[in-house]
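Next come two complexes, and both contain chain A; in the first it sits with chain B, in the second with chain C.
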Partner chain A sequence: MAGKISNTPATYMPSPTSQNKKMSSIFTGSDWVRPDGRGPHQCRPSFLRTGAVNYASGSAYAEFGNTKVIVSVFGPRESKKAMMYSDMGRLNCNVSYTSFATPIRGQASESKDLSSMLHKALEGAIILESFPKTTVDVFALVLESGGSELPVIISCASLALADAGIMLYDMVASVSMSCLGKNLVIDPVSEEESYQDGGLMITCMPSRNEVTQMTVTGEWSTPKIHEAMQLCLDACSKLGKIMRSCLKEAVTLPQE
Partner chain B sequence: MKENEEEKSGQLVTPGEVLGKPAELKAGKGAYVSPHNNTVYASLTGFRTLTYPPPDSPDPRPTVDVTGHKAHGAVPEIGAIVIARVTKVMARMASADIMCVGPKSVREKFTGIIRQQDVRATEIDKVDMHSSFHPGDIVRALVLSLGDARAYHLSTAKDELGVVSAESAAGATMVPISWTEMQCPLTGQIEQRKVAKIGA
Partner chain C sequence: MRGLQLSLNKNQKLRVERALEQLESLSLKSNSDASVTVADNISVDCEDAILKGHGTTELDGRVVATLCGVVERVNKLVYVRALRARYKPEIGDIIVGRVIEVAPKRWRLEINFSQDAVLMLSSMNLPDGIQRRRTAIDELNMRSIFEENDVICAEVRGFQHDGCLHLQARSQKYGKLEIGQLLTIPPYLVKKRKQHFHHLEQYGIDLILGCNGYVWVGEHVEVKDPMLVDQSNKSEQQNADSENSMSANEVETCTPLETRQNICRTANAIRVLSTLGFMITVEVITEIVNLSTSLNLDIHEMLGPEFYVLVAEKEAERRSSLRKKR
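What follows is the complex of A and B.
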């Protein structure tokens, strides 16, 4: 028995080095085929619905390819007692992952970072003066993580806020982009994100033409950044239109 | 969904949609004016409705409102009349949970306090909190201020404000007999309250 155990390794590990080499040869080529067969500037098909959670004041469900997110909005409700008095309303954001969101259990990225990013992206779009002293809670739950979660969470949260009847300056749409070698790919999936040289995410208010948040990571050249920003902004305005039509549908076709 | 059919004439808008220019429109509920590009935008989802002012008013611009769909739950505002349930009576103040703001019930709990000096308009230093309110009383009050981090400041210092419904020790709903007293219909016992004058 003891000999058998020593023969089989205690832990199983795929050999990442050989896989990496294979992938990188594809990635350096200029004609890079995306894993889901999209064009480099083609976004994933999206599905948006409001009113996913009955219990919340407002909620929305978003599905972009394999990334599936539910956002619920509560309030405005009384701020926690420990909070200082403030004339303005507060926004409280929390992002969490289900245990089954990633292919391997518990591999979800740091959700505290995402929470503060979500807060920053939404803060500028909410008319906080309209609910003084109170707090609006935004809870995002990632059901399945298929890449570009944060932009999906942000867009979905803005939809949920609009559904809750929170006063907004504008809807918030968010799109991310990856730089893979010479290629710029929009709305990357997890696989692409893990091999990217650089990532860029833009969150904007499409009708006001204002950017509420922009994150750039990794290596970028100036012309690349320029191109990526233009593409992202254009995609945001298109996503904004889809979000508006989703809200309008919810009013004209009541689901109750 | 009757509302929808009645208001279908109005255009359906979502937050951030342009409603017009402030030179021609005044922003009402669910709309705001953005100063940097001088445009009126919607801030809610709903139907765009125009209200024209009376012809003799100095400002001829119509007011644009966005109404009809969901708005967030009521939040207490300064000057609003609220209905609250007394939860705790202390020597200098009583705390109460706000249940309604104006005609709307709140979705979430808000705490308010009625301080000793805000119970009635006269002899405010002689107020005895325990002979003004009891826990469980339903009170109509005015929101004085947003208060501190903990609670809204409420006042009952008006004839029409104060206890509107209270239970006696015997468990029956009491009948008001004066602005300071209520009587139990079962036992005839008289209890002290700051009674609101209703329907006068």
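What follows is the complex of A and C.
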């Protein structure tokens, strides 16, 4: 039997060199100039609106540069899945990309991951005991992905939840950072994300000063992580204020 | 962004904005500092004696809001009332709902609430009107009373421990609603009043304002009070029964065109009012319908931008005249 193995044709392997071409680090020691001309610690200007989807209980639309996301929230409502009685409500998240969201047409690879990450980010902020036996459904649709989609999805989802009147401990703001050689850039675009050595995403509740989710990928040194976390938390609190003012605006528009 | 997106031209936009501004200035309580968003501080005088109500939670000794809305204070109770609140059922509310499932000994209704409501077979009058125990045959014949997708009017009887609603439809005025339109409006536009059943005589239609935001506009149905039906009427009923079996076939031709047009007009009036976010009451609805007939507008024009603007202006007028009367 051992002899036969050598006769089987070798399975095709793509040549390893083609993958490494863009990984040769371009910036050891050099400064990274951001394609959209921002400073390294400057976030993209944001456009936030609630009430984007009429039919949903609550919804929000967020635009951070080229990343455009619509989140709609349904509920609390009955769900066929939740047959057992439970004291706590259930949260169900779903993230999907439109086919025209990425530069190359087709399903983006991370959308399955993103649903469970959105769930983990939001479940710490929602008061689940306020809607026992029912389910809140959060559906996020990425219309265009221009870098750091998950933080935008999370912030937009928390706006939509507040718009739907679901009880929250606090708004959830999320910001991500990229490490490119020795540069730390906040709120990366997709080009920067593809070149990054490491990525850090923090989701926190600004007024409570509590972090609901932190995701670290790639290589990081300890001082860099400290610096990155501090920058992210500052940016999150600023984003929290912007979200709050967006909600206040929606409230003061003529509505009896 | 919410609501019917109408393309208003410049002039119409100006008129609408002016009317809405006028309404805002007329509103009695303009305390914008009472509106809070999530995790805003709620100012309390002495924190020990405050009852923290719905929509609030405690954080580090402060009271913070968990909802976006307006802070209401009643004596020692502080709570946050959400602006676009979900329907909050109370015992005795009149509800309009749609049957989504026929289950053993009950019907499940969808009523624009977080859970489906339940109408037990025992809370429903049997077709023959006799008060008796429901047998297995009654259970098998449930479908002849209500089927899936039927629209039903009922009253909230109570809550179960898990928050599920129980309904009852034991009176003649409750039951299946047949010829008409069911409209969905935000539930906070319907205030709890003494009367939710309205009969508009001049149009010959019935109007049921369900507290859950489902409004029924339909052909008028004579409600026979069973207490008044006595022996002398029994023979009448027997004749009526034989007639009913014939008229069931001709029921499509029985509703006159004018009634149907009135139903559509009233429904459109309610749609425009709910898009503008005004409270839905019978007086306002009849005024709007009169407005549309006096202007000789076609029924479909009522959903157009011009009528939208006219309704906003009319409401501003009405409220300012009410204010002056006071």
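Methods note: the second predicted complex is superposed on the first by the 221 of 256 C-alpha atoms of A that agree within 3 Å, B and C clash if a C-alpha of one lies under 4 Å from a C-alpha of the other, contacts with A are read in each partner's own complex, and residues count from 1 in each chain.
Heads up, the rule we're going with is that a residue touches a chain if its C-beta (ideal position, glycine included) is under 8 Å from a C-beta of that chain, and two chains touch if they have at least 3 such contacts.
In this text the structure is predicted, and so the values were computed from the model without any measurement.
Enquirer: After the overlay on chain A, what do you see for chain B versus chain C, clash or fit?
Expert: Pair status: clash.
Enquirer: Considering only touches as defined above, state whether A:Gly65 meets chain B (first), chain C (second), both or neither.
Expert: In the superposition, A:Gly65 touches no partner, neither chain B nor chain C.
Enquirer: Which partner does A:Met84 reach: the first (chain B), the second (chain C), both, or neither?
Expert: A:Met84: touches chain B, not chain C.
Enquirer: Which partner chains sit in contact with A:Val251 here, chain B, chain C, both or neither? Use first/second/both/neither.
Expert: In the superposition, A:Val251 contacts both chain B and chain C.
Enquirer: Touch check for A:Pro132: first (chain B), second (chain C), both, or neither?
Expert: The answer is both, since A:Pro132 touches chain B and chain C.
Enquirer: Contacts for A:Ala52 in the overlay, against chain B (first) and chain C (second): which applies, first, second, both or neither?
Expert: Only chain C; A:Ala52 stays clear of chain B.
Enquirer: Go through the superposed model and pick first if A:Gly199 touches only chain B, second if only chain C, both, or neither.
Expert: Neither partner.
Enquirer: Could you give the residue numbers on chain A that contact chain B in one complex and chain C in the other?
Expert: Touching chain B in the first complex and chain C in the second, residues 57, 75-78, 85, 127, 131-134, 162-163, 165, 167-171, 205, 207-208, 244, 247-248, 251-252, 254 of chain A appear in both lists.
Enquirer: So in the complex, the part of chain A that touches chain C is made up of which residues?
Expert: The touching residues are 49-52, 54, 57, 61, 75-78, 85, 127, 131-134, 162-163, 165, 167-171, 205, 207-208, 244, 247-248, 251-252, 254-256.
Enquirer: Once bound in the complex, which stretches of chain C touch chain A?
Expert: The contact residues of chain C facing chain A are 1-3, 20-21, 23-24, 27, 32, 35, 37-40, 55, 57, 59, 64, 66-69, 82-86, 114-116, 162-164, 277-279.
Enquirer: Give every residue of chain A touching chain B within the complex, in rising order.
Expert: Going by the criterion above, the answer is residues 57-58, 74-79, 81-85, 87, 127, 130-134, 162-171, 205-208, 240, 243-244, 247-248, 250-252, 254.
Enquirer: Which part of chain B faces chain A closely enough to touch in the complex?
Expert: For chain B paired with chain A, touching residues are 1, 4, 12, 14-18, 30, 32, 34, 37, 41, 43-46, 68-73, 75, 107-111, 146-150, 152.
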